[in-house]
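What follows is chain A paired twice: with chain B in the first complex and chain C in the second.
Here is the complex of A and B:
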């Protein structure tokens, strides 16, 4: 009996602080996002008024919000496709071929992932600078640059952000897939090679199916983290500009909070929450396959 | 594969060449912009109006002195060091015992807590930063009423606590994953030798978990050091303390009108240098450790 009591004391002491912190700084705020979305609450008005779904109705009629959702979806979908396509192919090459300096490439490809998004946006503002940025000065070798390309202008700003996001993410996923691909037994490739299967066939028939579980999990998390990363990039690179052309939903939520419209801002938060859950459930469903083992 | 038929030999060569060209291109695309910033950080302001690829005329270290002193990057750096270290300390003290208990003991509510922390993996901090800010602000208003002073906002310690708290789900997930793999014999033997629960955890299990703990420290160091949204929101006072990335962001925005390029790039170098140095030292641990976690918040 005495031992039992000591065990309970020990467990409580160990688990309680983590649970408490988790509850105060994650559960309560999450709950508050949903609760406050049903209220009207302003920065200079301490009172809350219950307004039901009025905030959501206003959202549907808000063109800025619609555009920020469209931008977010565009950024998430395009960066996911490009990043996954490239990192799978590169990882496939690096694990299957005998490449000199493989370690060097691995180290270099991972570098963008350890940099702050603020640093990356600083680097890319040097790349995108219209007058004598790195990119325009290279393009200037091939064409007349009296009318410089405005990478952060209204038309190209989304493309520019996508390039920066892919630049940041590609190495991380490559290194991850290299690890899981190298676990695929060599004998499978050898017998496939004897049967006359070429590289492409091997890649699509052996490599991809065998690491499918890994691809699925990472894809789900990548999409969720990309909703957030899109915000981090937009906030640091353009603040949503010019004229809101690169605004994303989280950034719009943030700017509504700065404007003091807390209830409205949280209604946007709810939409983002539900959207990210729905999207990851959808991805999970679409990518469902029979698990293969080696 | 390295297996070649004599008929496809030239095709094989061509493929290999293509692979190298692609890999080198990607490496160049990553390395050159980073190296360019280092180069730009020692250029004089007048050099920024010409060819961007020109090498610096000399090492103009004054940029770093200016960034460190007049742009306050020095004190921001100290703030960042304090917040990051404190947050890591709190995180380890809180997460290690919790992960250990959740992974290795069956108790009432344990399953529920495990599920709750797992669900926490799906809550992104930036979704909930506004309610956290409002909660702390309301706390400050209340404290002001009772004690005449609020201290929750613009406080480095509170920022560190928030960092630690929001890193809990990922950290506990990663650590429990490791603790689950250990056989129970270790503690059984310790108990027979007369060790208590705490002693068994502290002196038998934790030392074994060292590689996982290092991985946890590395990943969280990077995310705390580089974070800027929470820091910007909770440390919003114009005159108050700031962390390094927020200070850099302000510097970058001010630079657009003041055109002090050299100082800005020196600031960029100051922010990324610590992470790059750390990466050089532990790149193996980092690129291997990520397969343990397999995900990123």
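Here is the complex of A and C:
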């Protein structure tokens, strides 16, 4: 009995610091975001006035906010789909097929993940340079480049950011899929092979269903991380330009704080918070399947 | 037992490191050395005061600030705790949100984080009108006798238009169009004095594959547009426009301004907008160095900023005021200057005012000038060297000085800043995604909203 009490005491002591820190640095700020979205105040002004839901009403009528939300959703959806497809295929090839230099490719694909977003943005900014950037130089071999392609111009800037984001993310998800794919027993493929199933059939009938739990988890990761990464890439590559063409919601939130609308930017934060929560829940619900075991 | 002791020790070490990590002190602060003995006869009240000064580190470097603070301490025995950083907002911002303000802040308006603008909008800047009648520490002269005419009468220093000065004018720089003088000379082109000559030059240059114009970012259009408004409609039009007067953007003068910018957009090197962001803007400046564009709007700091950049053979900097609208009209050059101010929440406002006054002393002006930062004081012209002699003589060569800016207005959700409303669309004008009519159509309702929320 005495030992139990001491154990509980010890456990409480162990958990207390983390709980306390979590409370101070996660719960309290989140609560504050929600509270501040109902107020208006300058970032440095101590006076705050209660405005109710006025900030949210203004959001609905703000074309810049709507455009930044559209851009964010576009980035999240397209980047997720492309990255998901590529990393699944690459993982399938690298685990199931016998190809030379497997480890080499594994490392090459994973390297972007070690680099910070700022470094990647720097690399891609150099690649996208209109005049002597790598991409335009290569294309220049095949066509006249006196009118260079403006990768960071108004028309293409979102595409350019998507390419950078996909390049950055593939390796990470590929490694995650590879880990669960290699756990699928070889015997299943052997017997499927004997029954006459081709590689593609095996991939869709055996591999995908058996790593489904893993895929669901990564989809949630995709949504959360892409919302954040979209902000980082935009901030480091374009600052939302030209003329707001690449603005995303988090970047817009940041700029509204600088414009002296702290409460308004918190209202944007609340919308993004609820949006990512809802989207994750939706994806989770839609992808629900009976868990297959092997 | 030993194990327990060890784990307990480890726990303590972990918690201790956490506490130490959280309580990091401000390492950028450097304390000026204590006052010298011979200054001991100074007022006793000043002895124990320490003021906190925060200054943005720009192309001029931060050494000059350290030296000025030392000189100030030697003169007045008031100690100075100096903070300088390239991203000053990030360094002093958090503690100011917590209610702890530096006593003097040197940070100009027009930066992306717009910290100074927020203080203006929030009425959180101390009135320093009385500083103008203070004697400069260590001298006999009064501050207002030293500051050059006009600098303390603009909306940048008197943001509320009530005749009171809130921001002290600092380091000024004539802005204009910068170009490669050698390029014009070699081709026998002369610097255009009217916009018609400008377009002619643009056509001639384009035949050689050189574009007439580029700009670093749309942020550089503020100085450009202010000077343009002056040269089109004079000070009256400028004041009416910067106060968002009703119907002002439908007037003939405003139309002329818009038409010139829209036409200039067609003469702009088309790759400009793709690089007109805070990360790549130097590549747009490089276009001028590489003879791929002739003119760009900029300030005198460009020489230092691009000092290390490769350039065309024989490149020499040239600078001209904005051309006049018609022959014989006035050419204008915008006078860009920075501001120093005292937050009204500062602890030692009196000592801070002395510091502001000291910034105009001969000692301080010389220290600043040595680093290339030119204080707006009378007689500064004798202290100039190098390219600066030519740049700062622009007003002696016929160009008129344009000063002022768009009036401050209360932030409104969804309205956007002056830059977002007026100048960012220039990127779209150049790329052809926006017409001049749509641009004007978006400015008019925004301007109405700004007028309704004027401070």
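In the analysis below, the second predicted complex is superposed on the first by the 283 of 294 C-alpha atoms of A that agree within 3 Å, B and C clash if a C-alpha of one lies under 4 Å from a C-alpha of the other, contacts with A are read in each partner's own complex, and residues count from 1 in each chain.
We adopt the following convention: a contact is a pair of C-beta atoms (placed from the backbone, for glycine too) under 8 Å apart; a residue touches a chain by one contact, two chains touch by 3 or more.
Because the structure is a prediction, the values reported are computed rather than measured.
Could you classify chain B and chain C on chain A, in the superposed arrangement, as clash or fit?
They clash.
After lining up the shared chain so the two structures overlap, which partner does A:125 touch, if you call chain B first and chain C second: first, second, both or neither?
After superposition on chain A, A:125 lies in contact with both partners, chain B and chain C.
After lining up the shared chain so the two structures overlap, which partner does A:172 touch, if you call chain B first and chain C second: first, second, both or neither?
first
Figure out whether A:17 sits in contact with chain B (first) or chain C (second), or with both, or with neither.
both
If we overlay the two complexes on their shared chain A, which of chain B and chain C does A:151 touch? Say first, second, both or neither.
second
Which of the two partners, first being chain B and second being chain C, lies in contact with A:62: first, second, both, or neither?
In the superposition, A:62 contacts chain C only.
Which holds for A:106: it touches chain B only (first), chain C only (second), both, or neither?
The answer is first: A:106 touches chain B but not chain C.
First (chain B), second (chain C), both or neither: which does A:159 touch?
In the superposed model, A:159 contacts neither chain B nor chain C.
Of the two partner chains, chain B (first) and chain C (second), which one does A:244 touch, if any: first, second, both, or neither?
second
Which of the two, chain B or chain C, is in touch with more residues of chain A?
B
Looking at the overlay, what does A:278 touch: chain B (first), chain C (second), both, or neither?
A:278 contacts neither chain B nor chain C.
Please pick the stretch of chain B from 57-65, 75-83, 237-245 or 273-281 that overlaps chain C when the two structures are superposed.
The overlap with chain C comes from chain B residues 237-245.
Name the residues of chain A shared by its contacts with chain B and its contacts with chain C.
Common to the two interfaces on chain A: residues 17, 121, 125, 129, 236.
Any idea which chain B residues touch chain A in the complex?
Touching chain A: residues 1-3, 15-16, 19-20, 22-23, 26-27, 29-34, 36-37, 40, 48-53, 93-95, 97-98, 100-102, 105, 107, 113, 116-117, 120, 122-124, 126-128, 130-135, 161-162, 164-166, 168-169, 172, 196-198, 201, 222, 225-229, 245-246, 248-249, 252, 264-265, 268, 271-272, 275-276, 278-279, 283, 286-288, 290-291, 294-297 of chain B.
Using the touch definition from the top, list the residues of chain A that touch chain C in their complex.
17, 42-46, 55, 58-59, 61-65, 121, 125, 128-131, 147-148, 150-155, 236-239, 241-244, 256, 258-261, 264
Could you pull out which chain C residues touch chain A in their complex?
Residue list for chain C touching chain A: 15, 18, 93, 96-97, 99, 112-115, 117-119, 121-122, 124, 218, 270-271, 273-280, 283, 411-414, 416-417, 420, 424-428, 431, 433-434.
Which of the residues in chain A come into contact with chain B in the complex?
6-8, 10-11, 13-15, 17-19, 21-22, 24-30, 32-33, 36, 90, 93-94, 96-99, 104-112, 114-119, 121-127, 129, 132-134, 137, 167, 170-172, 175-176, 179-180, 189, 193, 199, 214, 217-218, 221, 224-225, 227-228, 231-232, 235-236, 250, 253-254, 257, 262, 265-266, 269, 272-273, 276-277, 280
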